[in-house]
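Common to both upcoming complexes is subunit A, partnered first by subunit B, then by subunit C.
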Partner chain A sequence: MALEKHINILDYTLQSLLRRKFKNIGIIMVFTLVIFTVSSIIFLSYSLRQEAHLLLKNSPEIVVQKMRAGRHELISTWLMTEIRGIPGVSDVEPRYWGYYYDSGVKANYTILGIGASGLENNKVVSGRMPSPHEKNVAAIGRGIADVRVIKKDLGSILYLQAADNKWMNFNIVGIFESDSGIMTADLIVISKEDFKALVSMPDDTATDLAVHVSNEAEIPTVARKIKEQFPDSRPILRDEIIRTYDAVFGWRSGLIITLFMGALIAFIILAWDKATGLSAEEKQEIGILKAIGWETSDVLEMKFWEGLVISLTSFMCGIILAYIHIFFMGASLLAPALKGWSVIYPEFRLAPFIDFYQIAILMSLTVVPYIASTIIPSWKASITDPDIVMRG
Partner chain B sequence: MIKTENVTKYFNRGNPDEVLAVNDVSIEVKEGDFAVFKGPSGSGKTTLLSLIGCMSRPTSGRVIVEDRDVSRLPERFMTEVRRNTFGFIFQQFHLIKGISVCDNVMLPVLPTDIKPSKLRKSAVRILENLGMSGRIDFPVQKLSGGEQQRTAIARALINNPDIILADEPTAHLDTHLSEEFLSIMRNLQQQGKTIVIATHDPLVYDKDYVSLIIEMRDGRVREIIRN
Partner chain C sequence: MRRSTMFFVFTAINLVIMALLYIQSHISLSEHHILRKDIKEIVKTLHLTDMVLATDARYTRNPTQADLFSAFQDYPGSIEHFPTGSVIPPPDMDSMGKLIEIKTDGP
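Up next, the complex of A and B:
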């Protein structure tokens, strides 16, 4: 059976690897670290993008903002009637949201006046969402609960300073569960009335308008018509938001990978040096094997197994560690660089999305060159007469 | 059995460090011979041994082993001849450190389709015949010089070759171990194998069972004595 020969060579290869265990363990550790870092970045940025895609699925097809001098400002709610009249529009609703800077903890919160967003359907850890007309109650994100040291028990009071300098107090009736952390970590949901009071928003205005279009194909046409009818408006398509998320996370991961290039290059040099620089002992071993009857193809097969075992072990270890790091440990090492935009970093467990295409590319850029760098010098040594190799 | 016809071997030909190691050598070793290539260091005996053993190719001339011209064979067929015809015993033993005695002995036949259990059985049998039964799974680097020598002999015998080639086999052995080695070689010769030894040790070429002495100097054959 022809398989015996390959098993014998593989068995000898494993023995060879054990003979040089310190060198090989060193290579595996560095190789694993490189794969771990690169695949962590890939896993995290891809999962964040996927997470964003899923969350944005429920967002309105078009968001209409009012622009003045290139800046976003409050939009009049009377536009809703006009927009409803555009063919293809199924519904229009006002959205009330804004940011609140908490100087005490130096963090920005996102405040949402309820009644306009799909977020009201989100589950909470405990308690409930405020109802649209309920005053002085709030549901808050886990991130805010943590920075404001609010107990997990409901009934605590959250104090916010309104635009007129008066303090408003909100009874916490719900805390968002960590699964929704990507969107809710820094979120405070209150009633529309409370929101308007907090930011001193005039009655007939909203932050922006959510426009629902039943037919996906009509979205660009509806957006164009809104723009034509109201030149000072900016219709934002859901797809544009998704693309922005892709660009932001892609840019962030690209930046990290670029910063990491130094380490990557250092590894390539190390791997090249370790793999290609056949020591006198290794050269002599090839000479001995050839002299006692091994063919060049046998030597190359041994070196192939050697490269494959080292690179595949490192690759698998790196991938598994990255998987654990990202999906079970909340990407603790990379999170600040990739997912944060304020001092409140969302604490959430990402759903394990894996881009197999990128993993395949990573594999082809690491495993394949490593095997090649192991085989090529051995091939050079093994095609030389064993007599010359043995003389050194 | 082994013939060389006007064999010449240059190393680094055309370079300033060019060496003419073997110069126009024609010899014949018959089946069952106990042949010795004798001569001082640098006389070309090791190179001649490696040319006969298909470990390198002559620059010119022909090497014929068992009626087959091996000097121009493609690499794959040279390896086949090397594996099936010769058993090598090197001056430095050239054992692979870090693996056991038995694993070293099995090395030449590992890239074959023989089951590992069968390979081990053959290796153990040869080692037992050479008095190494207590050292079968011993790490090779912990062996004494004589034991390393016997391991090298066992490795040379694992493929049951017709010809044993040994390069300065007694160089690192004391008189007692050298005698022991020669008695093993003599024994193998009596079993029908052809022995070819390159040496400058009189202990080897003074033996009365040596059937052929080829004296070399400066790459040329100086004298051929057939007993």
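Up next, the complex of A and C:
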């Protein structure tokens, strides 16, 4: 019997909402949009952050750059021997890499000069990688393969203009498929000799050094010793690399602030509109209900149901749409903010990591305040004499 | 059908969809896990340090390797002109304090 009463009140509430259907559908649409935007950002940033954590754990423990006048400069490879002598360092390898601007398609590529073996059975590489001393062969990211005016694929030739104005041609022997696009979309991997010839890099220099440290706990000590021994160097720790991505995708980051502010303001306006009072029609309805014998608690229950129906419907629809947007449609609405003027960018095939803690916070910050903002003005109206309420 | 029953059915359908999406996320994560092993291998072999999020500016392609004054690299007062520069902030400088405290033998 008691349950039947609540269901009857819910029935009445739904009937009352349908009477003002345009207004309520409007509120549900705005509310859904707010939840959709915020939860899309939560899904995207959390998923990218998890991906960064998992993938960048395999980056070199320390990258040592040389600085001159505050700018990054080529580093002498003779430093390798001295760094190898620091206790705790297991190996030091030079990294040869740089950028190449392709004016034909107005795109920036990242070129790596490294002969890599050990990727033969890799599922995300079609073909093979150039071997360490192999000349005029390259492996390229799927992003580059797709963006070139004449599409490049295995077996075709890639032409790059060297620093001495000569054209170098590279036979494409490998493609990093788009599943690995988040790390490889704009990569061109060639051998070390080819890279040095392409950018006219002096002998005995490298872009920077990758320092391997076996014991994780010793990494900061090794970095400090490198900095002490070579004051013009800048050691970048793997922890810093991961922290940088935490900052990029964190709540305080530019990404979140840029995209979140609009949604937040829209929601505040909506909640403000609800919280500041009832319309004359709504007040009159409460007065009539009271006059025909409804208790104050019944009126409040009706308003609770009203808030719950609108906010729960919007919350569920918003979350479902956000999931579909991020994980099925590749974040098509948010990706342009990250792409900016980039010509090459990866297709976002994100792993659906879900942070239930953030979803719960979102729910408590939207559904609960909305129900409260519906109930409080109604409570004020329902404790007033029905005659006064009906007269306005 | 009573309106309340319709509401409960609608809510139940939404909850079922959410449950299905949750199951889908688990299936998808296990597929990603297999692929991720290969991507990790690439990161390790090629010594990669950054994700390809934006390739328009050097400091948004490799934020962790960028110059310390990346957004103002042309001259100290220059304003940010790449749209991605407003979305991808400069690198985390927390450890700089530690590094600057290093004692030297100089005067």
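Everything that follows uses one rule, which is that the second predicted complex is superposed on the first by the 329 of 392 C-alpha atoms of A that agree within 3 Å, B and C clash if a C-alpha of one lies under 4 Å from a C-alpha of the other, contacts with A are read in each partner's own complex, and residues count from 1 in each chain.
Here is the rule we go by: a contact is a pair of C-beta atoms (placed from the backbone, for glycine too) under 8 Å apart; a residue touches a chain by one contact, two chains touch by 3 or more.
Values in this document were obtained by computation on a predicted structure and should not be read as measured data.
*Asks:* With the two structures overlaid on subunit A, would subunit B and subunit C clash, or do they fit side by side?
*Replies:* fit
*Asks:* Thinking of the overlay built on chain A, is A:Asp385 touched by subunit B (first), by subunit C (second), by both, or by neither?
*Replies:* The first partner, subunit B, only.
*Asks:* In the overlaid three-chain picture, which partner chain does A:Ser314 touch, first (subunit B) or second (subunit C), both, or neither?
*Replies:* Touch partners of A:Ser314: none, neither subunit B nor subunit C.
*Asks:* Answer with first, second, both or neither: which of subunit B and subunit C does A:Pro352 touch in the superposed model?
*Replies:* Only subunit C is touched by A:Pro352; subunit B is not.
*Asks:* Of the two partner chains, subunit B (first) and subunit C (second), which one does A:Thr32 touch, if any: first, second, both, or neither?
*Replies:* A:Thr32 contacts neither subunit B nor subunit C.
*Asks:* After the superposition on A, what does A:Thr184 contact: first (subunit B), second (subunit C), both or neither?
*Replies:* A:Thr184 contacts subunit C only, not subunit B.
*Asks:* Touch test for A:Gln15: subunit B only (first), subunit C only (second), both, or neither?
*Replies:* both
*Asks:* By residue count, is subunit A touched more by subunit B or by subunit C?
*Replies:* C
*Asks:* Is A:Leu56 in contact with subunit B, with subunit C, with both, or with neither (first, second, both, neither)?
*Replies:* A:Leu56: touches subunit C, not subunit B.
*Asks:* Output check: A:Ser47 vs subunit B and subunit C. Expected answer is one of first, second, both, neither. What do you get?
*Replies:* neither
*Asks:* Tell me which partner A:Ile7 touches in the superposition: subunit B (first), subunit C (second), both or neither.
*Replies:* Both partners, subunit B and subunit C.
*Asks:* Minimum CA distance, subunit B versus subunit C, superposed model, integer angstrom?
*Replies:* 10
*Asks:* If you lay the two complexes on top of each other, which residues of subunit A touch subunit B in one and subunit C in the other?
*Replies:* On subunit A, the overlap between the subunit B and subunit C contacts is residues 7, 11, 15, 18.
*Asks:* In the complex formed with subunit A, which residues of subunit B make contact?
*Replies:* Against subunit A, subunit B makes touches at 11, 47, 50, 53, 55-57, 75-76, 79, 82-84, 88, 90, 94, 96-99, 103, 107-116, 119, 155, 159.
*Asks:* Would you pull the subunit C residues touching subunit A in the complex into a rising list?
*Replies:* Contact set of subunit C toward subunit A: 2-4, 6-7, 10-11, 14-15, 17-18, 21-22, 24-25, 28-29, 32, 34-36, 38-58, 60-65, 67-69, 82-89, 91-92, 94-95, 98-99, 102-104.
*Asks:* Tell me, which parts of subunit A touch subunit B in their complex?
*Replies:* Touch list, subunit A to subunit B: 1-2, 4-5, 7-9, 11-12, 15, 18-19, 284-285, 288-296, 298, 301, 383, 385-388, 390.
*Asks:* Over in the complex, which subunit A residues touch subunit C? Could you list them?
*Replies:* The contact residues of subunit A facing subunit C are 7, 10-11, 14-15, 18, 48, 51-52, 54-60, 63, 65, 70-72, 93, 95, 99, 107-110, 112, 114, 116, 118-119, 122-125, 141, 143, 176, 179-187, 189, 208, 210, 220, 223-224, 227-228, 231, 234-237, 239-241, 243-248, 253-255, 258, 309, 312-313, 316-317, 319-320, 323, 327, 337-346, 351-354.
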